[in-house]
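Below, each structure is written out as structure tokens.
Two complexes are shown next, each including subunit A; its partner changes from subunit B in the first to subunit C in the second.
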Partner chain A sequence: MNVLIEEKTDNKNGVTIFVEGEVDVYTAPQLREKLLPLCQNGKTVYVDLSKVDYIDSTGLGVLIGAYKAQRATAGRLVLKGVNARIYRLLRITGLHEVIEIEDRKQEDGKV
Partner chain B sequence: MNIDLQKQYEKLLTSYIQDTREDHLYGAQQLSKWILQQRVPPEEVVSIHIATIKNLLPDLPNEVKISFDFLIEVMIGYGVAYQDRDHLVNRQRELEDEIEVAVRMQQTLLPKSPPPLEGVDIGVLSVAANRMSGDYYNFVDHGQGSLGIAISDIIGKGIPAALCMSMIKYSMDRFDDQPLSPSEVLRGLNTVVERNVDSSMFITMVYGVYDSLNHHFRYATAGHEPGLVYKASDGEFHDLETQGLVLGVAKDVDYPEYTIELSLGDAIILFSDGVTECKVDGKFLQREQLKQIICEYLELPAQQAVEAIYQRLFEMTKYSMKDDQTIMIIKRVESLS
Partner chain C sequence: MKDQPLDSIDLTIPAKPDFVGIVRLLVSGIANRMGFSYDDIEDLKLAVSEACTNAVDHAYSGGDGDIEVNCNLFGDRLEINVIDRGHSFDVNEVEQRTGPIGFEPSMNALRERGLGIYLMKTLMDDVEIKGDNGVIVKLTKHLRKNEVELHVKSPASYPYR
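Let's turn to the complex of A and B:
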């Protein structure tokens, strides 16, 4: 139960956060600490989840918090590399229609 | 009090030194219980011991006598720690009491049992993983055979979730007298939640109205784990259609409504994500597994069925429940009249 979070800021288009591991009730606070401060100046924030296999509802709450913060400052929040399980969660919660999702993983052709 | 303690201690110690009998040691154990009860600090007990020894053996070497001062000095540190511990124990007890009050208050937010509905058997079970739950369910009697049914998962656990739950309950209480449609209920709740909760908190919900006159279940969902509908005609489970954003994320959200018609023996099964996200042998429970388990118990009266299903899941997860679990079964049965 660990999560690695890395930030790459030299991107001209915005900031990318790479997340690796499981985002759950134990690790979600780490993601919140990294992600929310970036969502304050209207820049596009990419969250790369290609190495995340599982997000629980607390983790989803962090993404929602970031989405709301970005919306308030006219910035964009974009999720990348979402796997089938996470996409199912986004679809059930209806978040796939409000949060931008790019480059879903290939394996999820039939979600 | 301390004079008594000193006398008692001296008596016991003197007897023990004289004959080293076990029963004096037992006496010492009893005395130590009393000492703890009276909250006598450890350095005081050591002082009493030293005074007794000095009385009994006046010719002690001077080095030993000096060493006693040293010992008392060391014991003072223990005394301070003992007081701190005492303070923390009291504080802990106070907090426990407060949590206990909150737990009892939260239980009053949940309806005791589903209201009777002609030709319908409803069972529900909600178990918290810890002491406070983030799962919620409610029944709203609209009269004329029509019952509003809600099942909800408040993201986050513990006290914040419980506070949020009371907000949901009191908002729903307003719907008692005005039979709103499921999508209107969810729209109304969404507005309340969106305005009032922390930005990373959200709530999922299914709200449906069961009309026992024609056995139609009209429902809408807000990002809730899709429930199941069991059709007796083909013996199969079908996913309930779901489409709708979780409560609290955006303003002005529309929640599409769906209607299911239940024939005799059909059942609707609703649950919280604690049920679908439980882990069996390190893997998430598959939806197919869940359907099989439900199927085994569906013949039972609804309340017994939800209890048996919960028990089975609890055993399968080796008695380790990570999240709150709520299961509700709404089954169409033979009408009595």
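Let's turn to the complex of A and C:
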């Protein structure tokens, strides 16, 4: 019932944030604190969600905030490791048309 | 819909972000016991979290209060009431502001909040929101027929056979 957020700086490519665990009303503020400061210098920010087993509207809200900040500074926000479950949420909310998605995981995330 | 639930399970949590995950555990356990599919269980977890998140954020304006989660188990469906005793709100007004994000959103239209009610309505079979002396959100999810049949043979089926 927790979240682990790790930051890795890729040389030229930008910054990758690895998120692991559950992103909800309790943990979303931690993600926001890590993510938003990186969205200020126009660098590409990758958010790797492959280890996320739960995300809801509070987490999507953080991603939307990061996307807006990136757009304001001409940077890119790219989601990676999006599983079928998360992709479904992105599709329902219309975010899949807005936020860039790379390497969608094809398996359905069943345990 | 006047039938009585076969069983009821209640949980009361403080209206704090810390405890919404516990409600997810409860609901996922119950839904699993009833034989819901993996996807339906995930949908139930999400919907109940959204209801609790709204209560945490809006019900008590930072003060103390509780959220009551009341799960009613029927043979063909699960009904979950998420109840707070805080501030009511104008349900119609709030519902008008919810919905998916448009294809070409202006910066202002890209909301960071307000997706919760829309998600609940999309993922549940029925969502009733009553805003009077607190807020009651009633979420209903039906067991799909093939799922019920699928689980009749298994000892884990609900109700016990």
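The working rule: the second predicted complex is superposed on the first by the 105 of 111 C-alpha atoms of A that agree within 3 Å, B and C clash if a C-alpha of one lies under 4 Å from a C-alpha of the other, contacts with A are read in each partner's own complex, and residues count from 1 in each chain.
We adopt the following convention: a residue touches a chain if its C-beta (ideal position, glycine included) is under 8 Å from a C-beta of that chain, and two chains touch if they have at least 3 such contacts.
On a predicted model such as this, the values are computed, not experimentally measured, just so you know.
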Note to self: After the overlay on subunit A, what do you see for subunit B versus subunit C, clash or fit?
What the structure shows: clash
Notebook entry, point to check: Now for A:97: first (subunit B), second (subunit C), both, or neither, which partner does it touch?
Noted result: both
Notebook entry, point to check: More residues of subunit A are touched by which chain, subunit B or subunit C?
Noted result: C
Next item on the list: Look at A:22 in the shared chain and tell me whether it touches subunit B only, subunit C only, both, or neither; answer first, second, both or neither.
Entry: second
Note to self: With both complexes overlaid on chain A, does A:69 touch subunit B (first), subunit C (second), both or neither?
What the structure shows: first
Check: Between 5-13, 131-139 or 329-337, which subunit B stretch has C-alpha clashes with subunit C?
Finding: 131-139
Note to self: Using the superposition on chain A as set up above, list the residues of subunit A that contact both subunit B and subunit C.
What the structure shows: 25, 56-58, 60-62, 64-65, 67-68, 92-95, 97-98
Notebook entry, point to check: In their complex, what parts of subunit B are in touch with subunit A?
Noted result: 153, 155-157, 198-202, 204, 222-226, 242-246, 249-250, 253, 273, 277
Next item on the list: State the interface residues of subunit A toward subunit C in the complex, per the touch definition above.
Entry: 1, 22, 24-26, 54, 56-58, 60-62, 64-65, 67-68, 71, 85, 89, 92-95, 97-98, 110
Next item on the list: Over in the complex, which subunit A residues touch subunit B? Could you list them?
Entry: 25, 32, 56-58, 60-62, 64-65, 67-69, 92-95, 97-98
Item checked: Touching residues on subunit C, where the partner in the complex is subunit A -> 17-18, 20-22, 24-25, 38-39, 42, 45-46, 49-50, 52-53, 56-57, 100-103, 105, 107, 110-113, 115-116, 118-119, 122-123
